[in-house]
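In what comes next, subunit A is part of two complexes: it sits with subunit B in the first one and with subunit C in the second one.
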Partner chain A sequence: MLSVSGIHKSFGGVQALADAALDCASGEVIGLIGPNGAGKSTLVNVISGFLAPDAGQVVLDGALLQGRTPQHISASGIARTFQNLRVFRDLTVRQNIEVASLRARQLRRDGPPMLGVDALLETFGLADRMSDAAGALPYGTRRWMEIARAMATGPRILLLDEPAAGLNDEESDRLHQIITRLRDLTRIGVVVIDHDLTFINNVCDRLFVMDQGRLIASGAPAAVWRNPKVIEVYVGPGTGTGATPAVELGG
Partner chain B sequence: MMTVQSVAPIARPLRWWARGLAGGALTALPVVLIGLAVLLAAPGWVQHLTTMALINLMIVVGLQVYSGNSGIVHLGHSAFVGLGAYGMAILTTPLAMKKLSIPNAPFGLSAVELHWFPGGLLALGVVWVIAWTTARVIARLSGIAATIVSLAFLIVVHSVFLHWPALFKGNQAFFGIPKLVGLPGVLLAAVVVILIARLFRDSPGGLQLRASAQDQMAADSIAIDSRALRRRAWILSALICGLAGVLFAVVSGTISPRLFYFQQVMLTLAMLILGGMGSVSGAVAGAVILSVVLELIRTVESGITIGGYTTPTLLGLSGVALGAVIVLCMALRPQGLLGHQEADDFLSRWLRTAPTRKR
Partner chain C sequence: MTEYLIQQLLNALAFGAEYALIALGLAVVFSIMGLVNFAHGEVIAASAYAALLFAGLGLGAPLLVIGLAIAAAIAVSVTLERVAFRPVRNAPVTTGLLTAFGVSIVLQNLFQLLISPRPQAFPALNGLNATWHIGPWAVSSLQVMELVVALLAMLALGGFLGRSSLGIAMRAASRDFATVRLMGIQANRVVAAAFVISGALAGIACVFILARRGGVTPDMGFSLVLKAFVACVIGGFGSLFGAAAGGMLLGFIEVGLLVLLPQEMGGLKEALTYVIVTLILVYRPEGLFGSRRDLGDKEF
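This part shows the complex of A and B:
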């Protein structure tokens, strides 16, 4: 179980995160949403070790992880993808996934079985392109590969930073299926950041809403969308008291 | 949809070491064929030229081990060649010769004369110690900073050769090294080095290092320890270059510091850039092609006679050609002739598409 609390982070005079928090149990898919500049990506960077927080705790199954290196955090069981795809362009698809599994296999020889490279290639429909250079793949396929690569580290928590960005409706559906399938197969916890609220509503069990670096609401999607603070952030101040259904917002 | 689709079982690729050995052998094959042809049919001076070219090839392969896998340009590899060569010279030159060349060598080295085998091992041991030490520093850096430090290392080692005459004879030639090795020995060493470089490239560590060279953040996110891997590549690269130096000493019998300086750095770097840094096959192809081309240019350089007309001597033409190769390559094909592909990658792609082509 991942539990993040009281995270503060400023860049110069700008407070990017002020008392940010979230938690995610195994087998759960949670959504992290909020307007641009709310601090979602900053929070993901703190959790995955790419930024050290000024204060606060990141705890995974009892282990304190805040301020540790990305390598340490990845080896501890938190995997992530990147908003602007980062693939190893000159390696083949198979190598991209294989290279991510090497360290995990070394570290967790006696651990629970993970999805192997072949299983991941199949799950993500990459098997027939496994010998192609990753740089030659179309955008959507690169997304699958990046998620497959993250999964190859055998994580307990998977952080997906805007996975649906740039995907068409069909691909979005497929992403939904993949996320649920991964969750069912491995009982990992998944944290999804996205702007596509329809997608978020469909795929997530619980939502965390951030604004200006703060957690302003959390809970089941239906409850969150009735929260006046959330409505104010998404629709604007003074627009009623919770009558706006979520799916319309997501449109 | 992917969830309902039944997928045919995936053909498992070869284990990395099997593919590495097979691919390395394929890359080494043309080198072996050229070497054997020269050995059996060519006059002595061609054999000597080929031997020296093969030593350059080993240096280029050594350079590829670090630069090709880490993506960092290395300008200090010739320092390791020089250290290997001087180590071998100091340890194996006969005592009678040493009385003339380095009578006042420190650490009692003027009274040491080792057999070539322990001498070579010890010389490589010295290279290893210096590589291990410098690796601590250089592996912390990436990109242009690492390149500059490698250049500084080259200059430091060169200065030590020049200004420690009691041990290295300063800028004078160190002569009298026993000439023990000819074309067959160097050919064998070149093949071994090609196989080692290819195995490193394909090994789990090599794959991780290549990944981290392409995207450091993504590599961090999958727990790749790129510093440790850069250290490993630097040391292996140094040992290969050191071995080339050891052979250089016992092939030519005479060495001097300027042989292991900018000229050699630029020559071997041009070879690697021409062939393609990303693969061992590229390193080998670049070394072979540029060796032949430069040798042809050198004959033109000294003036040739065509139909009664003798061309003027054009000293320095090979230097110009070398510069032109680097510039043209950077402009037209920055990834080199082979790019990131190994010879066997081309072969397997050709085999995969062959049935379609027949139709």
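This part shows the complex of A and C:
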């Protein structure tokens, strides 16, 4: 399981993360939400090794990972996707996923259950397009491929950075099904960042709400949305306790 | 007349094949790590001196010499990567370029000091250079072999990059090394593979140069690598197909000028070659088969 605690990170004089935290057990889907600038992406960059935190711990199954390189963290079992899809455009869909599976096949022969390249193509509905160049895929399909590629590294934790951005309702539903299916098949933990709160409420078991670099609430979605601090951040100050925020309608 | 034209066609193909082999050696490394390896010519020369050494030790049978020369080129290429290029891998591009020039100069001088600045005779492969009579035409066996071997090497390289796992990883790395590393693939493995391939291509080129010249000099590779560099530029730097095509095209331009120019203007061959190259670049600055890289969004 992933446990992140006490993360501080400043850029110059700006404190981007102040005591940020989250945790995600295997087989769990958690959502990381908060207004723009809350520090969600910074936290994901710290967890995946793109940024070294000033203080705090990132622990995956007992191993300390903070400050390690992205390569090391990826090999340790944390995979991520990017807001801007970084696919290998010249390679076919199948080859994109194959590249990602190379190292995992060597590293984790007897690790947690892993989906093979064919199973991933099937799960993500990419089988009939597997010979197409990845650069030629429509946006939505490219996104499936990027998630499939992250899964091919055989992760224990999958970080999805705005996976629903740019997807239509139908594709969002499909993303929901895919995340649930992946979780059920492999028992990985999934951390989802997204602005689509309907999607987040539907797919996540627990939510972590950030504001100004701090964790302000966490727990089951229904409880989180009753939290006055969360209401204040999302609906505005002075709304008071007990009000039903508009966003909850989506859940 | 027909025989003359056929002979010149074969000349162009053979020269082109040699440039293509060497250009591919440059392009494979460049596409992965953005390094223009000007020491590639010294890999060729080192491989030739190694063959000379082996022949001196009595290992002079042609097939054995060929095998040993290619093995030596691979060993030298991989060693250079470990010793010279790995330490500057994350440095700016110009640092790599200067390192490659430095390595090239150091090696050439070592050959001069430790062996000799003068050409060393190398007759072991002269047997490859015969005249074959195909129908009514007499052709150089060496040129035919060079063409065939270069084509086979390119096919093998294409197959490797298209089918094998490591080859696919190399193609991915040539586009976006950072993301490939995120997939857990070790950079060292991909880079080493590029230098092995580059070394093997240098070794193959070395065998043909040796057979044609019958001798070894410290600077035997350097001028050819400059030509190969030009071939890469014409074809589009970073594109393997472009490197091969650029090499062939350069062979055709040179031989074409030789055929077309009156004898007293033969000295202008090089100058006109580069005029043509310049014209190509004016109209296609990215090279004939190069594409502007999508740099994409490289932030997190």
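Here, the second predicted complex is superposed on the first by the 241 of 251 C-alpha atoms of A that agree within 3 Å, B and C clash if a C-alpha of one lies under 4 Å from a C-alpha of the other, contacts with A are read in each partner's own complex, and residues count from 1 in each chain.
The rule we apply is simple: a residue touches a chain if its C-beta (ideal position, glycine included) is under 8 Å from a C-beta of that chain, and two chains touch if they have at least 3 such contacts.
Remember, it's a predicted structure, so these values are computed and weren't measured experimentally.
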item: When subunit B and subunit C are modelled together on subunit A, clash or fit; value: clash
item: Dominant contact partner of subunit A by residue count, subunit C or subunit B; value: B
item: First (subunit B), second (subunit C), both or neither touched by A:A75; value: both
item: First (subunit B), second (subunit C), both or neither touched by A:S41; value: second
item: Touched partner set for A:R181, first subunit B, second subunit C, both or neither; value: first
item: Which of subunit B and subunit C A:R149 touches, first, second, both or neither; value: both
item: Touching partner for A:D118 - first (subunit B), second (subunit C), both, neither; value: first
item: Partner chain in contact with A:L102 - subunit B first, subunit C second, else both or neither; value: both
item: First (subunit B), second (subunit C), both or neither touched by A:F88; value: both
item: Common interface residues of subunit A - those touching subunit B in one complex and subunit C in the other; value: 50, 70-71, 74-75, 80, 82, 86, 88-91, 95-96, 98-100, 102-104, 107, 149, 152-153
item: Subunit A residues within the subunit C interface of the complex; value: 41, 45, 50, 70-71, 74-75, 80, 82, 84, 86, 88-91, 95-96, 98-100, 102-104, 107, 149, 152-153
item: Residues on subunit B engaged by subunit A in the complex (per definition of touch); value: 1-3, 5, 7-8, 10, 12-13, 204, 207-208, 210-211, 214-215, 217-218, 220-225, 278, 340, 352
item: Contact footprint of subunit B on subunit A as seen in their complex; value: 48-50, 69-72, 74-75, 79-80, 82, 86-91, 94-96, 98-100, 102-104, 107, 118, 121-125, 127, 130-131, 133, 149-150, 152-153, 174, 177-178, 181
item: Subunit A-touching residues of subunit C, taken from the complex the two chains share; value: 165, 168-169, 171-172, 175-176, 179-187, 294, 296-297, 300
